[in-house]
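Order of writing sets the chain letters: A, B, C and D. Residues in each chain are counted from 1.
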Amino acid sequence: MSHTAIAAIEAISIAISKNKEFLTDLDAAIGDSDHGINMTRGFDAVLIKVKGLPTHTDIGTVLKTVGMTLISTVGGASGPLYGTAFLRAAALAQGISCIGSHTAVQMLEAATNGIKERGKATSGEKTMLDALEPACEAFANGIKAQKSLVECLALACDAAYKGVEYTKTIIATKGRASYLGERSLGHQDPGATSSYIMLKALADFCRHNNLEVN
Amino acid sequence: MSHTAIAAIEAISIAISKNKEFLTDLDAAIGDSDHGINMTRGFDAVLIKVKGLPTHTDIGTVLKTVGMTLISTVGGASGPLYGTAFLRAAALAQGISCIGSHTAVQMLEAATNGIKERGKATSGEKTMLDALEPACEAFANGIKAQKSLVECLALACDAAYKGVEYTKTIIATKGRASYLGERSLGHQDPGATSSYIMLKALADFCRHNNLEVN
Amino acid sequence: MKKVINNPDQVVEEMLEGVVLAHPQYVKRVKGFSVLTRANSPSPKVALVSGGGSGHEPSHGGFVGRGMLDGAVAGAVFTSPTPDQILEAVKAVDGGKGVLLVIKNYTGDILNFEMASEMAASEGIQVENVIVNDDVAVENSTWTTGRRGIAGTVFVHKIAGAKAEAGGTLTEVKLVAEKVIANIRSMGMALAPCTVPAAGKPSFVLAEDEIEIGMGIHGEPGTHREAIRPADEIVTHLMDKILADLPVASGQEVSVIVNGLGGTPIMELYIVNRKVAEILNGKGVKIVKTYVGNYMTSLEMAGFSVSVLKLDSELKDLLLAPAETPAFVQF
Amino acid sequence: MKKVINNPDQVVEEMLEGVVLAHPQYVKRVKGFSVLTRANSPSPKVALVSGGGSGHEPSHGGFVGRGMLDGAVAGAVFTSPTPDQILEAVKAVDGGKGVLLVIKNYTGDILNFEMASEMAASEGIQVENVIVNDDVAVENSTWTTGRRGIAGTVFVHKIAGAKAEAGGTLTEVKLVAEKVIANIRSMGMALAPCTVPAAGKPSFVLAEDEIEIGMGIHGEPGTHREAIRPADEIVTHLMDKILADLPVASGQEVSVIVNGLGGTPIMELYIVNRKVAEILNGKGVKIVKTYVGNYMTSLEMAGFSVSVLKLDSELKDLLLAPAETPAFVQF
């Protein structure tokens, strides 16, 4: 139901806000110290926007609102990337007020592919994709193995977490951190981290609310 | 003899250099932190100039060289003031290679008056005059009482020192420190201090060399 | 963080208001957007739009005016503006002859400007873009996102702006902009970092005697840190890097920007220029025009960058053409 | 002390070399002296000479050129130039119509410029001088040396320069300069001090959250210190002081300089200007022209000053007349 979707988005927004300084500090090390600020500006606006939606809005419209709001408020690299991700997921949830497991997998994949296309990037380049691609795969495998949504999201989170850790071991070849060459080694990617934080917030939200896909 | 005059000027130059930071710090408190820098720049140039003078130069020419050099290298308020002082003293020592006691008093008075005229100032305004005027008077009284040059210079130094201390108790009404109003209280005047330092260097020089006026 | 501001979240808005209040002769605001356009926009010529994160003032709003930009879009501090803002600028300045977007080579800027071009194109506006990448501190390899765009961008604004002013078509203006870009190289150094108001603390920390060579204008780390050295040695190092990438022959005409990053005394910029000129003159290069000042700043960062542009007769004429903007006036 | 310099004792010399290398179109050096004159000096008009300590760049050399100064004399950092240097400038620019010296009201400047005028007069050159004293932070009482001269001096250069360019006699140029002086008031504040290269340490120290109100451009202490406040409150305080001394009626035309002291981001200057304009507009005052930037700096001091000039039709026309100098160009 859309008010659940809205509540999930709120949970994600709050998680981002809480990590504003952490994400900014990560970006200070290998970027330009604004990732947390950018994301918080975006999700603060998202909070206001989704709260203003009519009660029976479909999930597609909720996600489209998130995507459009991120695009028009975040700026930087992460704005168009996450914005595109939400728009792509939204396209698969148009008119829907309840998500099936198959659709959930498709949405996560569409979101990830949106980022790949917009950013002309792939995993292994020290970006958000290093969290999202493995998370996608773990999630799809879980669903294929008929695990519960909560279990699948936990698997996705684990994979994303490993992806974040993995970004410490590689040199950035995309985004601002790529200017650093070798000097980006040892630092975790801010975008991968924010991806993990969003997935984790979603997973926690579903667990607390005993949500299930059908 | 002029080489004695030159040596005295060298002693003064060295004393100023040694106090570069001290004078600058005093100026930082109530001025623009350059008095020691200005004076050192000037006396460094003076050192070079007087060393280049022919051996039998008269005292007037030595002092004129000092005055002109200060005027053309010090800048700030102190440059024209001290420059004028040396020029006025020089005028009384033209062609002379040995200074009589009466001339010595006149020279110190002429120097002090030069500063008063150039700076349109008088004692009690928290300037170099607060050291120089009492020094002048003490020196003149000493000579009148037929004390030795070394004694008279010691008296002049004492008076100048008291003058420096006195500047702590008054508000500046001339120069950069006057902008401070009440806030100049408690601070000693950099220019009064440099006047004292010069007199002290001269006194020490005369004492070490057993110099006497005749 | 000690700054003359009211609210860290309002700095861009209040700055834009201050710019319009200061220079109504030159610029006006697109209502509700972080967009400045010429006071008399749109005009029947190819229009130039640039922009990027704020904090680089006078870039970019300071270069809006006759002979340079038609519009400038201001993002949050050090953060690319969003596509909707850029689109608004494009729509406000398009006089029917098309719009050239001058983009600095940062992923964020490119993504946002690209989205905006797609939107503008779908509204029937002819849009082209060029990407400035003059910073030789960054390796220009296919394994990275390539060199960053820094102060050399001002040359692109000036020269492409003059071409558009002279009635060049969109293709011609784009071509000359690309020629400029191919012929500029820049590199900078920092003595002290800056603080993004919303972050509240410096984006990097340098020791009392340490400098950073090659850092980016958003405080991105540079090639390395080292102990402070005499100005001439620092300049020599930067010029070596620049000229290694952009060889200049004796007799070549160039233009130079010695750009302050916001916190460096102008006195130091001239001390830098003395050595830059000495090096170029030593190679028999002819410096046609030198600009010294704060053109592409990083808030109050202390440091500078040097940009060298190789000129041919077309670029030279366009460079020397008149311009009249809040921050760049030339007869 | 971290600075982009070679040798603290050579900063003025190397800066002057850098200026001439950057702007040979506008300025040349009087050989062997710290004096810059127009590239085509002398010319058959009344000449303007200004100067003072270095460290205030672009003042004063940056304002040498058509419509402003004919010559500028650079003293050591924050130290008035010496009479012989000033004399040389006067001799270099005198085209037979006489020379006006624009002096800022500091004892050192006055003494040195006065000695130079005496020397010039004795060489048969007609010399007049005016003394700029715009800083309302300082009480203008007969018990002090009076108000200091700060950024408002740029208005004197601009307007008296335009008058001389227009063929005014020495008396006319002096009169209009005095009219300008009577109608400017300025005041500044600092967030952070600067370091004179030869001194090697800051001339004052401010706590992490402390600002100084009314300090001088050489780091002279101001009226008081206080905790940092929002920009609008600081500006309101400065404007109250300025307008208390220079009342403006509704309908009055003025010009404004929001002057950066060297280490303040241009963004902040525009945030300041927003409030300045709001206050003036609120009183019904008409702001004819606003200048925002680094005009009279104090090395890398962080902070700003605001100058307000009341205009009549003569001053307005002269202010808006064209000028072309390294740091001030106006069509």
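In this section, contacts are C-beta pairs under 8 Å (C-beta built on N, C-alpha and C of every residue); 3 or more make two chains touch, one makes a residue touch a chain.
Worth saying up front: this structure is predicted, and the values here are computed from it rather than measured.
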{"item": "Euclidean distance of C-alpha centroids - chain A vs chain C, Å", "value": "33"}
{"item": "Interchain centroid distance [CA atoms averaged], chain A/chain D, Å", "value": "55"}
{"item": "Chain centre separation in whole Å, for chain D relative to chain C (CA means)", "value": "28"}
{"item": "Overall pattern in which the protein chains touch one another (line/ring/star/complete/other)", "value": "line"}
{"item": "Pairwise chain contacts, counting only pairs that touch as defined", "value": "A-C, B-D, C-D"}
{"item": "Chain D to chain C touching residues, read off their complex", "value": "2-7, 11, 14-19, 21-23, 54-55, 57-58, 62, 191-192, 194, 208-209, 211, 228, 230-232, 234, 258, 262-274, 277-278, 287, 290-294, 297, 299-300, 302-304, 322, 324, 326-327, 329-331"}
{"item": "Of chain B, residues touching chain D in the complex", "value": "24, 28, 30-34, 37-38, 41, 71-81, 118-119, 173-176, 178-181, 183"}
{"item": "Contacting residues of chain C [partner chain A, same complex]", "value": "53, 75-85, 106-108, 111-112, 114-115, 137-139, 143-145, 148, 196, 198-199, 203-204, 216, 218-221"}
